[in-house]
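See the structures that follow.
Each of the two complexes below includes chain A, the first together with chain B, the second together with chain C.
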Partner chain A sequence: MIREVELAVVGAGPAGIEAAIAASAAGVDVTLIDSAPKPGGQYFQQSPEYFQPDDGSDREVEAKRLFKRLCSSDVTFLPDTLVWGLFAGPKPGTWCLTLHGPTAPARLNARAVILATGAYDRSVPFPGWDLPGVITAGAALRLVKNQRILPGKHVVLSGAGPLQLAAAAHLVQAGAEVIAVCESSTGLLWRCLPRLPAAWGQWSRAKEGLGYLMALVRGHVPYRLGWTVISARGEDKVREVVIARLDRGSPPSLGGQITLAVDALVVGYGLTPGTELCRVVDCDFEFEAYRGGFVPRRNENMETSCPGLYAAGDCAGIGGAKMAGAEGQIAGCAAAARLHRLSEREARARMAHARAVISREQRFARLVGDLFSPRPELYALAGADTMICRCEQVTLGQIREAISFGAQTVSDIKNLTRAGMGNCQGRTCGTIAAQILASETSRSVESARYLSIRPPIHPVPLAVIEERTQDLVRTSGEVTPDGSN
Partner chain B sequence: MCVPETTSALPSFRRGKAVAVVVDGRAVRAFEGELVSTVLLAEGISVFGRKPQSGRPAGLYCGMGVCYECLVTVDGVHDIRACQTYVIDHMVIETCAVRS
Partner chain C sequence: MGPTNQFDVVVVGAGVIGCSIAYHLSAAGLKTALLDREQVGAGASGSNLGMVQSNDAELTHSLPMVKASLSRYALLEDELGMPVGLRHIGSLRLLSSEQQWKLSEERSRILPAHGISYEFVSPERIRELEPMVDPGPLFGATYACAQAQLNPFLLMWAYLRRAQAMGLALHTHTEVTGFIIEGGRMRGVKTNLGTFSAGMVVLATAAWTRRLGQMMAQNWNIHTFRASAMVTERVPELKLNNILSSADAIEMEVTGKEDMELTVLALTQTGDDHFLIAQADRPGEVLAPQISHAAPKTMAMMVGRFVPALRKARVLRTWTAPTTYTEDGCPLLGPVKVIEGLILAASYRSAIVHAPLAGEIVTQLVTTGRCDLIDISPFEPERTMGLADTIYTVKRPST
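Right, the complex of A and B next:
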């Protein structure tokens, strides 16, 4: 089945929802697509319907307001739907999205597309990082806040940036024993002080951060600056972790090693933009370390180098939920203008507020990005037999071999070793391979480039690609290989 | 109050309607709104699968459908992401413990 729409928005987080509402308010026929059953994305994730009570936080209030605006708009929401491909549409200048979901058409032809696919946790490999019980900060937050279950009773957190602080606070409040929080970045205070103006006015963030810190203080949780986990051990599950102070040098020296007994380790070294759909259609990219690496090049209207294809929010560079919402509004208005539902002048007027938000948020995003970019020394923690590509089980030793064989880019590494060729399509190991290549060859991370990706960008059954989907869909949203239930 | 009888689930919290699922051949009580990964963790199962290339254990990692580490078999269909699939009544979930 093929459905025609004016505008398709991929991803129903802060950016996608705002984009859909803005375009719909201008009279555009909008379809908003998300792989989850409800809108919200990772930031405004909604609890399962029957789970009570809500946590009553500021964020929940903000989320409810946003969902209310979405519900009262004319936006069509397509839940439980995976977008597995993006192609040129049948008519010149249009796009075709290929979908997989219980109520989704096989294809959606759109005259404009806004990508708002968000971001995911950035990983740093170390011995034992692939043991069960080692989870990302994003996973920990989802377990505690959304699923209301503890990943473990005795937990260590290690990473860089505010996300793990949030995860630690939620774990403490939920009753876990948080043994230590390791923040690998150093000199936060003296690096932050000269740039305080960038943080000026971020009162709601300050309040949230302070609340998390207070939760850690009340829980007597040690917060170790400049420390990191260096290995995780256990037979089939993490049982103990070693943390150490990461001192500069090559190789970095590891001071004051401590072994701690745990039943869960939470890791999070910032976020990586989910740029898969931009890479599928080969948009132009640019490298911005503080925004998470390679991001699609956009004009001031959030339009990529491909006409009619917009990217908004964290998928186009890490900036946080407020910036994502503002970028979404701009993309939505710009798409409406492109579809002749708004005059250029009216579109500009509607974007004015969002532009002010963006200029404020950009300064803050830059500050956070600079403060918490994972230190290159972290990538020296892995050993030769440490798994780098978890899907294809490719070790650091094999990647080093490929580099000494002459690999110049992450694509070369992929071609030689299969790293990045598995189920996750390099989402986990792509940035790691780039860091390894850079440090092994003493070149910039940028020169390692980024992995190419082709549809399907998520594994889907062949029957879906053949578009024999209608009779295959089960109530749980998954399909059986032969079409029987 | 439906408080799951598991150690790691948070208490004093009302969950969805109880549903009956089968985990590795065992009858297990779960709750509507829970993900397959939640049910497995609540049952104390952390090894969801094993890597075919090396036999190394795999389990929940990213929790948001990105990393494909948490693959299990659901109702006979293999390679289903436990972190993206909600439980329904009579669901049959199999980890590597059964598959191997």
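Right, the complex of A and C next:
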């Protein structure tokens, strides 16, 4: 089945929802697509109703307000739907999205597309990072907040940035014993002080962060600055972790090693923009370390180098929920203008507030990005037999061998070793391989480039691509609270 | 750029042919640069199923070249000092009608006379050779039992690893923007990253050769079509013994009656149990690397038709690359007459099988000015310039 729409918005987080509402308010026929059953994304994730998740927090209130605006708009929402491909449409200047979901058409032909696919956790490899029981901060938050599941009873967190603070606080509140939180970044205070103006006005963020810190203090959780996990051990799953103080140098010196018994390790070194769909159509990219690496090049209207294709929010560079919402509004108005539902002048007027938000948020995003970008020393923790590509089981040793053959880019490494050829097409190992290549060859991470991604952006059965899903055995369905189907 | 960009030979195009040429030139002691506008294997060389194919050879002029090149494969992994995934595999081309068989009859006489096994097999035999295939609607198949397959990326890097150890300068993401020709003599190439000076330039540029030729007022008539492919997850519970291909183009409805595509299928299972699916796709000079919205679906439909058990296998990735052909099925191989110092090695049919010899031939041409390995006179580039500028069309089967 094919459906024709004016505007397709991919991803129903803060950016996607604001984009859909803004375009719809201008009279555009909008379809908003998300892989989750409900809108909200990772930031405003909605728990199943039987958990009665209302905790009355500022974020909860903000989320409710946003969902209310979405519900009262004319936006069509397609839940549980995977967008597995983005192609040049059959008519010149249009786009074709290929979908897979219980109520989704196989194809959506759109005259404009806004990508708002968010970000995912960035990992750093170390011995044992691929053991069961080692999960990312984003996954831990999703388990605890959304599913009410504790990843473990005795947990260590290690990483960089505010996300793990949030994960730690939620774990403590949910009853886990958080043994330690290791923050690998150092000198936060003296690096932050001269740039305090960039943080000025971020009161709701300060309030949220302070709340998390207080939760850790109340829970007597040690917060170790300049520390990191250096290995995880266990036969079947993670049983113990070794943490150490990471001192500068090459190789870095590791001070005061401590072994801790755990049943879960949560790691998170910031976020990587989810640029898959931009890469599928080969938009122009630029390198912005503080925004998470390679991001699509956009004009002031959030339009990529592909006409009619917009990218808003964290998928186009890490900036946080407020910036995402503002970028979404701009993209939505710009798409409406492109579709002749708004005059250029009217569109500009409607974007004015969002532009002010962006210029404020950008300063803060740069500050956070600079403070918490993973230290290069972290990439020296992995050993020759540490798995780098978990999908295709490629070790650091094999990657080094590929580099010794003359590999110059992450694509060369992929072609030589299969790292990045598996299920996730290099989402995790692509940036890691770039770091390894940079450090082994003493060149910039930028020069290692990035992996191309081709449809399907997540593996789908051949029958889905054939558009013959009736042949597939039904493997998923609505799960009711008692677990029956 | 400085004098470091002074070379004996500049090879353009880091595909299987270009990598072999760069290796043989470096081994001959020539200061060589290999340039690619993208990366190693960015075009058809990195996008195919890795077939070392002799059953598909052009019959009139190419067989001595195919056989000579094929013989090099016996010792290639030893010569290059690393495995390239070489293994033997049969090739089964599915025929839908007796008419299809008639088109293969000549091939079935000539190839065995040259020692290349090639025979007609009945539907019953197809069932024995390939239990997964439903031979119901088929007339039969041609069967070449002694073909081979390898990992093309490993082949290219095996050449490059050795060549770089002998001094090859590999410059990827370096696009040729012009040629420096003085008094009818090649002096070098201009690129987005500066000038590379050399008295000899070799183009191993397949689908891009035509455009590069136009920069020198040479209209080599090479035709392009798009080949698309996909790879599934590992499916060890299904076993395909041969590479399967369909001999005729099959019409597929993509999104409706008005949107039809004609496709030709190839299907193989790799040594580590991934299934590779490929099809010949859009005609015309399509050099963009993005796959069309129709291609994944038509490939899936073709596979579903012949091997329904694969429908549940998950697809990991699709891709596409421009590939070339000439009217007579022969490559453009040899010196260009009007530009001294310019050599072509482009538009091979099944480039992998030809790669080892291509390197030897070009190196001999560079060092001695002639080739005594095989007769290359039928492949002279100028022969294509007189041909009409035909556009590739898939002939619809008559109904």
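Here is the rule we use: the second predicted complex is superposed on the first by the 469 of 485 C-alpha atoms of A that agree within 3 Å, B and C clash if a C-alpha of one lies under 4 Å from a C-alpha of the other, contacts with A are read in each partner's own complex, and residues count from 1 in each chain.
By our rule, a residue touches a chain if its C-beta (ideal position, glycine included) is under 8 Å from a C-beta of that chain, and two chains touch if they have at least 3 such contacts.
Predicted model, so just to flag it, every value in this text is computed and none were measured.
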item: Clash-or-fit label for the pair chain B, chain C on chain A; value: fit
item: First, second, both or neither for A:Asp130, with chain B first and chain C second; value: first
item: First, second, both or neither for A:Ile149, with chain B first and chain C second; value: first
item: Touching partner for A:Gly159 - first (chain B), second (chain C), both, neither; value: neither
item: First, second, both or neither for A:Asn423, with chain B first and chain C second; value: both
item: Dominant contact partner of chain A by residue count, chain C or chain B; value: B
item: Touched partner set for A:Arg390, first chain B, second chain C, both or neither; value: first
item: Partner chain in contact with A:Pro39 - chain B first, chain C second, else both or neither; value: neither
item: Chain B versus chain C as contact partner of A:Phe405, first or second or both or neither; value: second
item: Cα-centre angle that chain B and chain C span when viewed from chain A, reported as a multiple of 10 degrees; value: 90
item: Chain B versus chain C as contact partner of A:Pro459, first or second or both or neither; value: both
item: A:Glu467 touches, of chain B and chain C: first, second, both or neither?; value: second
item: Nearest-approach distance, in Å, of chain C Cα atoms to those of chain B in the combined model; value: 9
item: Chain B and chain C footprints on chain A, overlapping residues; value: 422-423, 459
item: Residue ranges of chain B in contact with chain A within the complex; value: 6-10, 13-17, 31-35, 38, 41-42, 46-48, 51, 53-54, 56-69, 71, 74-77, 79-80, 83-86, 88, 91
item: In the complex, chain C residues that touch chain A; value: 39-41, 46, 153-154, 157, 160-161, 164, 170, 172, 230-233, 255-256, 259, 289-293, 296-297, 299-301, 303-304, 310-319
item: Complex contact set, residues of chain A against chain B; value: 35, 37, 42, 47-53, 120-121, 130-136, 138-140, 142-144, 147-153, 174-175, 236-237, 274, 387, 390-393, 422-424, 427-428, 459, 474-481
item: Touching residues on chain A, where the partner in the complex is chain C; value: 2, 85, 87-90, 96, 98, 107, 280-282, 405-406, 408-409, 411-412, 415-416, 421-423, 425, 452, 454-456, 459-463, 465-468, 471-473
